[in-house]
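Please see the structure below; I have some questions.
First chain written, first letter: the chains are A, B, C and D, and each begins at residue 1.
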Amino acid sequence: MSTATEKVLRRRLIQRPAEPGARQTIYDVIFEADSPLGRGFDIALLVAIIASIVLVSLETVPEYDLQRDPNSATPTSRLALWFWALEWVLTILFTIEYALRLYCVRHPLKYAFSFWGIVDLLSILPSYLTLLVGRSAKSFVILRSVRLLRVFRVLKLWRMMSQADELADAVWKSREKIIVFLAVVLVAVTISGTLMYQIETVLMGETHESDFTSIPQAMYWAIVTMTTVGYGDVVPHTTIGKIISAALILLGYSLIIVPTGFVSAELSGKIAATTEHHRCAQCGLSSHRAGAVHCDRCGHRLDEVTPDETTPEASPA
Amino acid sequence: MSTATEKVLRRRLIQRPAEPGARQTIYDVIFEADSPLGRGFDIALLVAIIASIVLVSLETVPEYDLQRDPNSATPTSRLALWFWALEWVLTILFTIEYALRLYCVRHPLKYAFSFWGIVDLLSILPSYLTLLVGRSAKSFVILRSVRLLRVFRVLKLWRMMSQADELADAVWKSREKIIVFLAVVLVAVTISGTLMYQIETVLMGETHESDFTSIPQAMYWAIVTMTTVGYGDVVPHTTIGKIISAALILLGYSLIIVPTGFVSAELSGKIAATTEHHRCAQCGLSSHRAGAVHCDRCGHRLDEVTPDETTPEASPA
Amino acid sequence: MSTATEKVLRRRLIQRPAEPGARQTIYDVIFEADSPLGRGFDIALLVAIIASIVLVSLETVPEYDLQRDPNSATPTSRLALWFWALEWVLTILFTIEYALRLYCVRHPLKYAFSFWGIVDLLSILPSYLTLLVGRSAKSFVILRSVRLLRVFRVLKLWRMMSQADELADAVWKSREKIIVFLAVVLVAVTISGTLMYQIETVLMGETHESDFTSIPQAMYWAIVTMTTVGYGDVVPHTTIGKIISAALILLGYSLIIVPTGFVSAELSGKIAATTEHHRCAQCGLSSHRAGAVHCDRCGHRLDEVTPDETTPEASPA
Amino acid sequence: MSTATEKVLRRRLIQRPAEPGARQTIYDVIFEADSPLGRGFDIALLVAIIASIVLVSLETVPEYDLQRDPNSATPTSRLALWFWALEWVLTILFTIEYALRLYCVRHPLKYAFSFWGIVDLLSILPSYLTLLVGRSAKSFVILRSVRLLRVFRVLKLWRMMSQADELADAVWKSREKIIVFLAVVLVAVTISGTLMYQIETVLMGETHESDFTSIPQAMYWAIVTMTTVGYGDVVPHTTIGKIISAALILLGYSLIIVPTGFVSAELSGKIAATTEHHRCAQCGLSSHRAGAVHCDRCGHRLDEVTPDETTPEASPA
């Protein structure tokens, strides 16, 4: 049984109301996706989240000029009115959702202080906060920043992905390797950045123009280069700088591939072991190597059970 | 037997004319590639498709000035005349091909409304439509758009690749993971884009110039950066922006590698299992691990049969 | 036994002089790298090749101004004189090497028309050709082009890599997949290029500036983008263009990863099988899985023989 | 037992003082991380190193203007005074650390001339050297260069990573493949660089502007392109140059993926074999395949021992 499924079961054990009734029904619709109503709720929520993100994003586009007026939270233009209305419709919907979640769980405080409880609260708070912020020119920056906080609603999306926990597990398991990776990058970036700063400024002198104005700038260049992003806003201008730069690219490319391989191997090791999901009828082991004919724990033949059939109660014997 | 081969067999069963004759012969030449004539037809079609794509592309190069005159569909210059003539030759060839396909299959309507039937129709329709579009200045944009539709002829290329179905299968099988990948990207892009927009606009103020003019622009930057494309048209200008940006690059790089590994592992798992194609003479299993000496299902020695020999009727015993 | 070793053995069988003497000794020094003299020759050749490439490259740097004078092949400045002298020293050395190779092989013509024979001839020919080309202003471009041909001396480097053949094998074995990859790229590039051309030119109109001046230009953009090179010389300028562009980047990124995985899997399958190089003392099989204790062909225990010990005559029994 | 652990044991055997006392206690705190004091020392060192790197980097930012005054090593502004003070605090701390290391090891000279001994010396030397360098305008560049040498303190970070040796091993084991990779890159870069230089300069002529001013410049472009960094400071301007460039990108992309796969495969082969760390209670083998139930050397069941439990003395039988 995967960690993700375990988490769902554990939460259900703690939070699902024991006695049947309205609260239990609401719990099943909101927190689970097994029933048609639950799936419908999920899809509605998905649409609301994406609409909300699109809204927050579009508000900042200069053409719509919605954030530019520091004197009013209530918009004036026709389009801005629509934006404003839709924003409040979504906020009220998210508020109802939050209230229902608080109502239907067995331990509301436990939910309110859980990660998702805080995310749900953060999804509605910014809209209400904009009402409290005064409409003076001074508070314009604060107002704008508060409005932007609504973008964290995108995190609600994360909860809907059943595979997200599995992904988080994979990242968590390779945390040591990621730290090693970051340390390798830090060492490589520091040394190559300093080297390039030294070469470009010493060789170009004070008279010529150099993009490597300081070591932090050179380190920024080194990160942008080693990850092969390569914006091109900081580039070497001298011949020797280009030669060193090309050498560093190749070196950094070879170096960065090593810890990348670590994570990739960790993950593909995990996947390779669970490619085919025959459940063994004798011992219950669910992950076997691709193409396996016998269970490699107990030796029972696997072909009686069809792939991807998940029936733990299928083997009474 | 692979899914690709199954598809060919299924189509043959339904569409190939039962009685020998002209229609069956044409069917074999056009739809299959086993006979010398069939292969010849495929090569001719390949040449015609590529010539057609080159033609559509070159017509838009300003130097040739073919699309600029809104008053005539018939070109005036010498080169344009050649282009015009070749275009109609290709259109007539594709029309004949389409007519023959309709003629030789058992169920013409079934073919006409299949994916490839629509592609074949789309390959010839735009050329004829340009005749219908009026030659006024107003219809210039429409005319040009219609002409560009001919580029979909490139899809005809896809049909010719025997491995295309296998590829499509691999993509289809990892669709869930691709959706997770897209959701991860959406979350990461939204949050990092908003963060950079906030930092660059708050820090730069209204007076300085910032590339992050809006959240959609910042999200565009985040996608371009996280996929390591890195155009450099949108870059951070402040020191703090560069630091945050470098941190986001490393974070995004680590994050995006995870779902990338999923697809890659899915695929390499598939490949690894089928690297060598000895068919087992006893049980008929066709995929074994590289270097395997015995069949890992039944234990029969594999070396009696040479690799890549595909003779399902080789084992009468 | 690997294909690379087989090739060396086959060549030795055909070309090595049968009777001991000067020719056989020269053959061993030049064509093989087992003796100290042979290794010394290889290192000397390596230095000569790299010096030659550096020379050809530096000659084109404007500061040295060696190619700019169309009236003389013989240089005038002091530095240019050194370049000219070194060039002729290297040419004469390569000529001697070519002559010795022709002298010591059993079938000189067979060698002269082999791939490496032609490379060796091409390494010396350009220098002599510059003497023949007239010194008029007209022949300047030809002269310069001929001089640049010397850069093909870098191919001589390839022969020295024992693993090059193995690499070439891996590429050759995945040729079908590379063709599929190129076809996928062609289809994706054509459609996304046309789409972006249409969007950017229709939306920007004739008045605004667009980087997508023609479909070939848009296809160039698509290739540069999909391979994540991302120069930034062609970028979308409209909001809708950026949205489509971001979507195409993600799509193209997901698509291009699939055939990339094919090649990678092909290769890692090959490598995985040969990670540890114990030679089995009973059956002689040299590639086993990492950590294998018994030979997986014959079942003989592997630990009597130490890893990486390459003694084919070690098992007399 | 991994190579990394072996190295620690070997060093302890040689350098740890045999008799208990102050020297042995200091050795355990400084060189090992098993005790709470040892871990505390490691964290303090980590903070000091990172603070030092941040300091060296920030000093070069023009706004702080610390390096610009050639007449004084002692700074004048308030902020510069803080920087100067912190720098000397860190230098004295690193000096004490170096002295303690020299004091507590059994063979101080052996340590002083080891790699880490030299790194430790280099961490403090630059600061003292700045006192010796005269304060004339001439010695400004030297002074600045010497100050930058402090950046090598980042190497001290490397020692703290237990997995660094493992990483270094993986790189060292694939050194042959890295050389092949570099040779492949050299050949590809030389030929494609020359080709592009020829095309862009011949086609553009002397009148037009070309980014490919020389072959080294063109090789720089080729490296930047093939590694998909793609700065965009050197790009083709002609149509034929763009076509060739796009073809080279695809070719180079296909080529560079091959040796990349080599390293990646080498590494993932290593990882795959050691994913789960059950130590076999019978034969002591510590690396098994993920999900293995029996030891694949001796067949003993593995589940009696919990994963990641490293007790070599657990099997008295």
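Note that in this section a contact is a pair of C-beta atoms (placed from the backbone, for glycine too) under 8 Å apart; a residue touches a chain by one contact, two chains touch by 3 or more.
Remember, predicted model here, so these are calculated numbers, not experimental data.
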Chain pair with more C-beta contacts, B-D versus A-D: A-D
Same or different contact residues where chain D meets its copy chain C, judged by the half mark: different
Chain located farthest away, centre of chain C as origin (C-alpha): A
Between chain D and chain A, distance of the C-alpha-averaged centres to the nearest whole Å: 29
Rounded Å distance, chain B centre to chain D centre (Cα mean): 41
Multi-partner residues of chain A (at least 2 other chains): 61, 216, 219, 228-232, 239, 260, 264, 268, 272
Contact footprint of chain B on chain A as seen in their complex: 53, 56-62, 141, 145, 148, 151-152, 154-155, 157-158, 161, 163-164, 167, 170-171, 178, 181-182, 185, 216-217, 219-220, 223-224, 227-233, 260, 263-264, 267-268, 271-272, 275, 290-291, 293
Complex contact set, residues of chain C against chain B: 176-177, 180, 183-184, 186-187, 190-191, 194, 197-198, 202, 213-216, 219, 225, 228-232, 235, 239, 242-243, 245-246, 249-250, 253-255, 257-259, 261-262, 264-266, 268-270, 272-273, 287, 296-297
Residue ranges of chain A touching chain C (in the complex, touch as defined): 61, 228-232, 239
